Structure formats: structure tokens, C-alpha cells
Amino acid sequence: MANDTSLKRDRSAQELRAIIRRHKRWDILFGLLGLLALSIGILTLAALFVDMAVAGIPRLSAEFFTEFPSRRASQAGILSAWVGSALVMAVTALVAVPLGIAGAVYLEEYARKNWFTDVIEINITNLAGVPSIIYGLLALGLFVYTFGLGQSILTAGLTLALLILPIVITTTREALRSIPQHVREAAYACGASQWQVVSHHLVPYGTPGILTGVIIGLSRAIGETAPIITIGALTFIAFLPPVPFQGEPPAGMFDWLFSPFTVMPIQIFNWTSRPDPAFHQNAAAASFVLVFMTLGMNALAIWLRYRLRKNIKW
Amino acid sequence: MPSRAGVAGSTGAAKLAEYAQAKARRRRREKMIEAVLLLAACVSVFTTVGIVYILVKESLVFFAQVPLWTFLTDRQWTPLFSDAHFGIMVLMSGTLTSSAVALSIAIPLGTAIAIYLSEFAGHKTRETLKPLLEMLSGVPTIIYGYFALLFVTPLIQIIYPELPGFNVLSAGIVMGIMIIPYVSSLSEDAMRAVPMSLREGSYAMGATRYQTAVKVVVPAAMSGIASAYILGISRAVGETMILAVAAGMQPNLTFNPLEPAATITSYIVQVALGDLPHGSIGYQTIFAAGLSLMLLTLCFNLGGHWLRRRFREAY
Amino acid sequence: QVVKIDGSSTVFPITEGIAEDFQKAKKNAIKVTVGISGTGGGFKKFCRGETDISNASRPILKKEMEDCKAAGIEYFELPVAFDALTVVTNPKNSFLKQMTVEELKKVWEPAAQGKVTRWNQVNPAWPDAPIKLFGAGSDSGTFDYFTEAINGKSKASRGDYTASEDDNVLVQGVSQDVNAIGYFGYAYYAENQARLKAVAVADKGGKPAVLPSEQTVLNGSYQPLSRPIFIYVAVKAMAKPEVKEFVEYYMKETPRIAKEVKYVPLPAKAYSINLEHLAKGKKGTVFGGEAEVGVTIDALLAREAKL
Amino acid sequence: MPSTITLPTKPPALKAESKQLDFYYGEFKALKGISMPVFENKVTALIGPSGCGKSTYLRCFNRMHDLYPGHRYDGQIYLHPDEVDVLDRHVDPIEVRMRISMVFQKPNPFPKSIYENVAYGLRVRGEKSRSYIDDKVEAALKGAALWNEAKDRLDDLAVAMSGGQQQRLCIARALATDPEIILFDEPTSALDPIATGSIEELIGEIKQKVTVLIVTHNMQQAARVSDYTAYMYLGELIEFGETREIFMKPKRKETEDYITGRFG
Amino acid sequence: MPSTITLPTKPPALKAESKQLDFYYGEFKALKGISMPVFENKVTALIGPSGCGKSTYLRCFNRMHDLYPGHRYDGQIYLHPDEVDVLDRHVDPIEVRMRISMVFQKPNPFPKSIYENVAYGLRVRGEKSRSYIDDKVEAALKGAALWNEAKDRLDDLAVAMSGGQQQRLCIARALATDPEIILFDEPTSALDPIATGSIEELIGEIKQKVTVLIVTHNMQQAARVSDYTAYMYLGELIEFGETREIFMKPKRKETEDYITGRFG
């Protein structure tokens, strides 16, 4: 073999360069492939956006946001839909965020490794993959009928909260995991209790990641159609939920939670299924608004993450 | 604060007295907090129990009338026709075909993007493109449905005119594009998590970027990438509105993506929106179908869990 | 003060129109909500006492009557308009101008599944081209009615066609394919006349082929594909002044609204009979829990009068 | 190294002592029966080759190992004068950590303001009075020779400081709660020589008030800062004694080999 | 330290040399005009306090800094006998890395089998012949004194090995491609003394075939394994010379202070 070895060595200078060149071609090829794949995604997004913009922007006006739905396409607006979406999102966030963070903290910081935490873990990954429509079936049976919450903002908010809970938990765990162990050790060494470590350090430092997860979850929830259809959101509703503090303080406060409502995707769905093509334009405009809302939320997430990360270095 | 100063300066024994008092309170509080947190973690379990309970309860009524064997082997799905057939295989075929199309788009593209972003692109490119791409998963799926029907199908028909207006192919492609960020973001995170020292090791041997990415980084991140794939599969299998709008809702026992088909999810949403009297056997089919879907995703997820165990990151 | 309405998607446009105008007329003092959960879904809620009014594109069925009875819910049945199921093809289709019910049956009957796949199998005069089928989703009122009217049995249909709850999707499908045939509510045809062509339908017994239109529905010649649509009002709810007011408004304004949303309103007499029933407390259905086809306006009025 | 050697007239008071301390990382026995005294207001250095168990031993004193499952102690560490056994299952580790502070190898300030970093130990103890905390923070920063540099930027983020400053901040954080013992785990190994010098000086000063236990892989450092030195090897305590004894005339051959650099 | 000192009859051949090498991490100048020879088939040790630039200098030899944006070289590193300037923009870093291997501080085997780890360099070179690779892997494992332990488990995952074995595997990986120089960056600092000993022994053996450049923070190690030693401080080369010269009679005061442990 000694011969062979020296042989290989001999050819090195020139041949090696040729080999390197050949391998580098793969680099370029693969770089292009990646760019291509990326551009397919981005172009689709752009096509979607332009498509909706072209169809929808002419319909966008102040009235579009302040009018209730109507059988006349040119007078129909999305007031009840966007208010409904906003309120449902508020409930979703208020439920999913604390629950998700608490669950993630438990799993990441408290739970001992045993079959039970294993079950919770598998369960969460599994829930992340459960089709949203099945959450709708659950909500119908549980919230609407068993708890008697009706087809209310509360029901929808709770349903979507359950839907995004796995997302919030997973991203929060990720965020907690990325906090270096030495931070925990430093805090414990100061005599902090476990809860103090969690509440003084881990949650605050994990906030950028947690926020991202929450917003990704919310932007998924805001576009969900199927479960809301199943619990029976209304399609025509020409009034807004009661304003809190209107009635007697304790009683009137939460009336809005039990109010009937509609949301953006339902409005879009309804408009697209109308025979009159003028409604399809409305649907495009509403879709545009909805996508813009999600984009806005994502942009907010990026900005917040950037802002908050600046203050957290290890 | 003389008393405090006194404590601060006093001996350990005196301090201990103060600590002991606080200790009991602290212990109780810590225990309570842990219990609350545990409860929160269990919400997910309750959710699953709730889902399973509801699905099984209604499905039991269904299976009292339709034998399980028929359900699994019948080759037709016409539960609402007078001549009712309950062959879940038909819907399964639609679900699997559409998922296969979607995944054959999402997995290669998503992986390529992940590798590109993690190993080839600069920091700036990554930080701008990744969130942009993630927006793909934020677009409401119903919008994708119409996009598939009104944009993608006509586009494919230019190349292949025989393609029917409703088909699994374009729905699957759009679904695949929607799923790309699920695959790419999580895979990229997994690749980012591979320590720099491994990459340095590879580069130090004279490897190119491509070689480092494919031979070292990807294998090292395999468990994370596998989870990304599993999530992608779950999303594909559970996607509803795109298929309801663009795939034609035609219960065909076929694995040909060029034909229209119905999937489990599109069937459920169809019935949920429809005219069926509740409590009828037709209505219960959606729970039986939902249960099948749940079991299908469970299989994938358990498979994924096992895979992750197998390929635990070992760096 | 909220009037809660849910149910059929077919009836929705009319009820929505009424609700909109009613709220405006009342200066929003009375609130009205309208949902879509299908005729069946609507009855489910209705029979649980969750809604005041249920939209229905078919008469209430036995099962639903039992449910309502069990919950002690009584109701008024008020026909509000006629819908004409329309058979459509692609405008470029040159050979399909009219079809008989028998021909339609040949295309749509369960036995045709996988066998009748080319136009010349239905009628040798037609070309040897593939048939592309588009129809209502199998859990819609439209599907039930069409199968009953054409195939003679409710829910009896071939299964190998493109089904959708969303009729625009069907419009899209038919308008893209020269060899397509489909059926859905008249409104979708009326709004898309540029992209679709209606097929004249000849009823059994050698009757002449008739195109759907307001006239042919009103004079009863477009058969068997015209069908009445209804609202059901809970008796208990009628005790509430706002519901009463709303239903009265409904009966008064329907002719106008129905036309606007491309349905065929009933003759004025029908609405006055409805009001009379309400006033006299004539409860229940005239259909006995069975789906029927070919009920003309006259026949319907006659039955209602007898209640 | 001190040039004049003064023998102590009487032995210093005992602050803590470990008795037959074994420690296990799961199956692996990392410490083997370590018995060793820690004298009050003295600096005790732990030296030995990498992996010999110095850090493991140090971290027993404040029960840091409790944070990880599968870690197991066997033996006692008594804290004097009240003779609490730190490792006793019934002793709350939090209580132990309130009495024994720690400074780590890599400076690890919290990503909070300088002020909040130092005040943290007090906050954890439920301290609310702002003026009291102010005083303590100032005293601690002075004690860590950081007051002059930090007093005008107490609200700045701690992570914006240089490595040496960060480490002194960590010392201030440890000092702020008047601990009885401070544990140092290679506190200068991530620092440049100048920062190292200032930390060493600091240790010399704080031992007036607290007892210090320091791990170092730098024998010169041990010689410079400590009063007592323990030499460990493969989980065992090979030799313990006054620093100048250990460095001048070690009793054991292994110690000598290590100190003269023949191995390690 | 060697007890008998033999003066070299003639100076050894030059394998590489750096000329006026500056290096910048963005704005920060980490190396300041380093000029230094590296002799063929000798072990050259780089010592100096933490942060003085040892690793930075070492990583210039295989252009490792190219992986990170904002890192900049200024100056030359010539490789003899062909006098290629490693840092030349037109020289492909991959080619450089094929000639100069590296072993890192923390063992970093790939998550592959033992065999594939060692074969990696050959595969990267486009080597296909199985028998040739087999031979090379065996030779490299033997060269890294790992053959006996590994020969029956070549298909096992490398990460299942102990730290010391992993590091020897990394050395085998570096040896397998017959590099001209191997760079070691504190190769034993993550290992226990026994593993350290075997690595040191190994370095003594492989220098028969390759030139070795090693960074260590352990002066005893430098003294034990190296033929030449460079003492760096704050990015500058303070002194370079034969190891025993540096340790016995350093020319510069700074070197002496560091070596005798007066600081660092």
C-alpha cells in the first residue's frame, strides 16, 4: 500500500485542485437550489398578495371597516368581523399565554423525567398535529353544550386557545431551553427558590422567544375557519358586542364574552360562496385585510424580538 | 433600619431563626405554585381526553350500526346516499395522496431552504427571509384554497390541459407550499443548534460548504429535522379548507393526484356545514372519520417520537 | 332584544336581506343574528330551543319533528320563496340545449357510476365525449331535492362527481370544462350567465322542455326542479314582540328581497296565508316529515290553506 | 509568595468541615471520602489536575448538585458554629445557599441592570426597603472594588461591562447578602491577567469578613491568594495543609510532582 | 523536562513561517505583527495567558477565520517548500485545509461511525476505493494509538467513546489524510490526566511524520511535548526559541515572569 499512498500524494497538487473545483460546483448548485426553493415560497406569497391586492384594494375604504355586512356588496363592510376577530383573539391570548407558559415552565423546569411527563410530551406533539376541525368538534360538545357557553366569543376564544396551546408550549420550552444553565445556577446560588428563578429570570429572559411563539400561534388562530364553523359562528350580525363598563360594573363587565359574533375568515368564507361576483371582490378585500393583520402581527413579533433581545445577552 | 442591620450583622444562628420562619411559608407557596403549573401542563392532556371522549362516544354509536370490518374494507364512501357505503379507505386514499403530494413539495423544498438559510446564507439574509417565509403559514388556508383553484390549477392546465378543474395535485402543491415554513423553520433551528465545533471540524478537513452541510450538519440535526417532518406530515394530513375548496370532494378510491378526491377533513367540514339531521348515522360518520384521522396522526407522531429517541442529538 | 336565526345556506340571502333592512327600519333597537349551519344543523339548534327562527330549504323531517316534540318546541311553518334548481353546462357546449328528466336520470342515477361516462351513452345523438359531473355536496338540501326529483329517491345518486357545498366552486368547474354538466340554485346561474348556460328540462310524460326563470316557476311549468323554501318560527318565540314584529316584516318585505337575491317570490296571497296562520296559531307542518318533489306554488297554497 | 513566614500562634476557628464525603454523578463516583476542614476568615485553595473533582467538591457546599437529577451525596459537611449538616436531606438547600454564596468560572451576571444584579440576593430574601437595599448595594460594590466604576451607571445593563468588571460584579452580588462563606470556582480563568490581578487582590481583602474556598488550576494563583491548600487527584484528597507548607515541603510525592509540574 | 540537553547540530528545515501577521476581529486587533518560523517535524508550542491570541494565531494557519464574517488577516504565512502564502486571497482555503489538519480543544467527532469519522477526510477528497480507505483508516487509528480499542467497533457511533478516545479519534481523523502540519488547540484541556498523558505521548510520536503546532495553557505540557516554544502576550509574540532555552533562561523579563508563575 505504501506505493499506492505515495501515488495518491503525487497527484495531489493538480488533481486535488480539480477535485475541489468539482466539489465547489456542488456548492454553487446547492446554493442556487436553496435560493430557488426560497423564491418559490416567497413568490407564492407575493402572488397571493398581489392577487388579493389587485382584486381587493379598490374596495378598501374607511366605510369598508365601519359598515356591517349587507346583502348589497357595495355597502357591505367588515365591522362586525374585525371587531369579532379582535375580541376572540384577546380571549385566546389571555387564556393561551398564561396556560402555555405555565405548562412549558412545568415541563421544562419542574417535571422529573418519568412516564407521566413522557405522556404529556407525546401528547403535546400529537395535539400540535390534530386537525383544527377536530377542535371544533370538541368545542361543540364541551363548551357549547356541556358548559353551556353557547356560540359566544368566549367559546371561540377558548377553542382557539386550546388549538394554539401546543404551539405556545413548544416555543416557550424552546425559549427556556436556550437560556444557559449558568443563569439558573447563578440565581440558585443567590438563594433563590425555584419559583423565584422562574419568575425573576427564566420567563423574563425567555420573553422574546415566548412572544414569537404566541404571535405565531395567534396569527394561525386568526385565520382559522373550520373550528369556528363547527361551533357555529354567525354569518350575519349587524351589531357589536356590548361595551364593558356599560351596565352595572360587575355584571356588565363581561357581557361581551357571551355575545354572538362573527370573525374575518367566516365573513370571507361567506362572501366567496355568494353568487354575486361583487361579493368576491369584498372577499378579496377582506382577505387582504386579514393577511395584512397576520403580516402585521408577524412584523410586530420580529420587531419585539429584536427590541427585547438587545437587552439580553449571555 | 436598625433591626435589619442587626440581623444582617448577627451570627448565623440568629439569622437561622428568621429563615426558619420564612421557610415554612416559602415551602408552602412553592408547592402550591408547582401544583398550579402541573395543572396547566395537564390542560393538554385534558384536551386530548376530551377529544378522544367525544370522538369515541359518537363513533361507538356509529360502529354499532356499521361493522368495523366493513368500515375498513369497503371500497366506496357514500354515507349520505340512499345506498350507503362506509369505506374509510376512500377518504384515506384522498388524505394520503394529497399529503404525499404536499410532502413531496414541502420536504425537499423545506429542507433545501433550511440548509440554505443555515449553512449558506449570511446572517442578514437569514434574519429577513426566515420570518418572511414564516408568513406563508400565517395566511388563512381558505385563501390558499381559492388560490389553488383559481390560480394554480389553470397554470398547470396550460402544461397539461387534461387536468380536471378540481384535482388533488394543485391542492397538494399549494398545501405543500403552505407547509414549507413548518419544515424549514424547525429544521433550520435544529441545524443552527448544531455546535459550531462540528462544522469547524468538517471545514478543517477541507470539506466544502455542501459537504459540511450534507455530511455533518444534517446528520447531526437529524432528530430535530425528523420532528419538523412529522409536524409537516401532521399539518398535511389535517389540512381542511384547501382540500375542501380545490380538491373536488369526490370520494374516489384512487391514488392518482390528477383526479379529484375527498379527504377525511374535507368530508368533516362538508358535513359540519351541511344539511344533515344531527344524530343521524350520516352525522356520526364525521366522528368515525375524525377518530380515524386522529389515529392516523397519532401513528405518525408516535413514529416521530420513536425516531427522535433513536436519533437523539449526540454532539 | 335579539332575534336568533340559524339554518339553511340557501335561505340565508333572503333572511339576511330582511334582517338588514329590519334593523335599519328599527334603528337598531332590535338586533337580529343569522347563522349558517345547514338546514339540519339549524333544526338541531331550533329543536333545542336555541334559536327563534330556523331557515330551511326543505320541510322538517320526521326525526327532527320528534326532537322538537321531545323538547316541547312547537313551530309555525312559513314558505317564503321558490328556488329553481338549475342544470347548467359550459356556454361552449353546442349539443346540450335541453334534457329530459329521463336523460338526467341516466346521467345521475347510482347505476351510472363508473359506467355512463360518455355523452353518447346517454343520447346517441350526442358526441363521444367524456361527461364531467358537478353537483351539490351530499349533505345539502339541494342534493336531497335533486336526487329525489330526478332519480326518484332522496340521496340516491352516483358518487363519482365533483361535489361541493360551495356553489361558486361548481360554477368555476362547469365554466372551465366544455363537457361539464352541473346543478345548483338558480341564483348562482343568474349571477354567472356569462360563464354558464342553463339547460331546459323536460318533465316526465313528454312535456316540453322549459328553461328556469321567474315566470316558469310562478306558472308551475318548470318542473320538477322548483322547490319551496321555508322559515320555521318557534311558537314560544312568537310571544316575544320583537320576533313577532320581525316575522311580520319578513312576510311583508320578502317579495322585494327575494327578487333582489335572485329567488322567485311566492304570490302575495301566500304571505297573507302565512300571516293568517300566525294569527290563528295554526302550528305544525303540511308535509308530514317527508321530502316531496314537484310541489307547485298552487299546490303549496292549497295545502297551506287547509292547515 | 510571602517572604516572611509567621507560624500561627493558635489554630484558626473552624468554619466548616466535610466528613467522609462521597459524591456520585449517577454511577460515577467523583469524590471519594473527602474529609477536610475549612477555617474561618481564611482562603482555602483547591488544586489538582483537570477532572480531579475540585468543582464537584466545591459545589457540594451550596448543594448546587441538587439541581440535577441523579447526583448523589454521601457524607457530611458541617457548618460551624451551629453544626448544621449542609448535606442533610432535611436541611433546605435554599437556606444553605443563603449562607454560602458562590462565584463562577465564567462571569454570569443576570441580563439586568448593575444595581439589580447586586440587589438580587436581597430581593430573594424578601427585602423591600429601597434605602436599605441602596446601602447594601453600595457597600457590596465598594467591597468588590467596583463602586468607582459603576456608581454612575447603576442602571446600565451588567452585560455591557468588561469581563473583569462582570466578575467583580458577581463578587459584589455574592457579598451583598453577608454570606458566611464564598465559593469561587476558577474565578479568573476567563479573564485577562490584569483583571485577574484585581480579583486576586479582592479575595485577599474580603477574607477579612468571610471565609473563602477557591478552586484554581493555576498553582501560582493558589500560592498567591490562599492560606490553606488542598491537593486533589482522581476524586481523592491527597494532601491538605497550610499553603506555604504544601508548596515548600509537600509531604506526599504526588503533590510534589504536581506542584513542580512533572505532571498535570 | 529532558534531563540531557543535546544541541542540534544544524538548524531543522523550515516548514512554514508567518510574516508580520496582523489579525482583526472586526475592529479589534487580536494579533500584532507576528513573525515566527515553524520547523519541520518539530513540535512548536504556543503559550501565554488567556486571551493573548494563541488560538487566533493557530487558526490563521488553516484559514479557519474565513468561516466568520468580519475577520481579517494582514500579512503572510508561507508554507514551505512551495512557498504558497496561505493567507493569499487567491489561495483556496480548502486546499490549505487539505494540507494542514487541526485538532480542537473539545473533541468534536462527527455523529457518524468511528470508521466514517476517520475516513471523512478521504471522502472529502473524492476517494472512492474502499480498500484504500480501509488501509488508511487502519493506519490512522494505529497512528493515533486507537486501533486496539476501536478495531472491533468501527461501526459504532463515535460519540459513544470516552473523551480521551474521542480526542484520539480526532487525531486519527487529522492523520488519515497525511497532512503536512497538524494544529492542536489545547487538545487536552477537556481531558483527564490519564487521557492527557496518552495524547502527549502521541504527539511525541506523530512528529516523526508531520509538523505540529500546539496551543496550551499548561506550561508543563509545553515543556514536556515541544521542541520550540513561542510566548505570546496581548497579541504580540514576546519570545520564540527552543523550549529548554525559553524555560531555562528566557531572554525577556515578561517570559520569565509568566513561566515562573509570577503572573498569569
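Going by the order they are written in, the chains are A, B, C, D and E; count residues from 1 in each one.
Methods note: a residue touches a chain if its C-beta (ideal position, glycine included) is under 8 Å from a C-beta of that chain, and two chains touch if they have at least 3 such contacts.
Fair warning: this is a prediction, and the values are worked out from it, not measured in the lab.
Peer 1: Which chains sit in contact with both members of the pair chain B and chain D?
Peer 2: The shared contacts of chain B and chain D, listed by label, come to A, E.
Peer 1: Count the C-beta contact pairs for A-E and for A-C, then tell me which is higher.
Peer 2: So, comparing the two chain pairs, more contacts are at A-C.
Peer 1: CA centre of chain A versus CA centre of chain C: separation in Å?
Peer 2: One centre to the other, that is 39 Å.
Peer 1: Approximately how many whole Å separate the CA-defined centres of chain B and chain E?
Peer 2: A distance of 47 Å separates the two centres.
Peer 1: I'd like to verify one number: the distance from the centre of chain A to the centre of chain B, where each centre is the average of its C-alpha atoms, in whole angstrom.
Peer 2: Distance between chain centres: 13 Å.
Peer 1: Where does chain B touch two or more other chains at once, residue-wise?
Peer 2: Residues 26, 206, 208, 211, 272-273 of chain B touch two or more partner chains.
Peer 1: Would you give the residues of chain A that are in contact with at least 2 other chains, written as numbers and ranges?
Peer 2: 20, 23-24, 193, 272
Peer 1: What positions in chain C touch 2 or more of the other chains?
Peer 2: 9, 36-37, 41, 165-166 - these are the residues of chain C that touch more than one other chain.
Peer 1: Quick one: which chain pairs are touching?
Peer 2: A-B, A-C, A-D, A-E, B-C, B-D, B-E, D-E
Peer 1: In their complex, what parts of chain A are in touch with chain E?
Peer 2: Contact set of chain A toward chain E: 1, 4-5, 8-9, 12, 16-17, 19-20, 22-24.
Peer 1: Which of the residues in chain A end up touching chain D in this complex?
Peer 2: Touching chain D: residues 112-113, 182-193, 196, 200-201, 205, 311-314 of chain A.
Peer 1: Within the complex, which stretch of chain D touches chain A?
Peer 2: For chain D paired with chain A, touching residues are 62, 64, 67, 69, 94-95, 97-98, 101-102, 104, 106, 108-111, 120-121, 123-125, 157, 159, 170, 173-174, 177.
Peer 1: Touching chain A in the complex: which residues of chain B?
Peer 2: Touching chain A from chain B are residues 26, 29-30, 33-34, 36-38, 40-45, 47-48, 50-51, 54-55, 108-110, 112-113, 115-117, 120-121, 129, 131-144, 146-147, 151, 174, 177, 180-181, 184, 189, 206, 208-211, 213, 227, 230-231, 233-235, 237-241, 265, 268-269, 272-273, 286-287, 290, 293-294, 297-298, 300-302, 304-305.
Peer 1: Chain B touches which residues of chain D in the complex?
Peer 2: 79, 81-82, 84, 92, 94-95, 98-99, 126, 129, 131-132, 136, 178, 180
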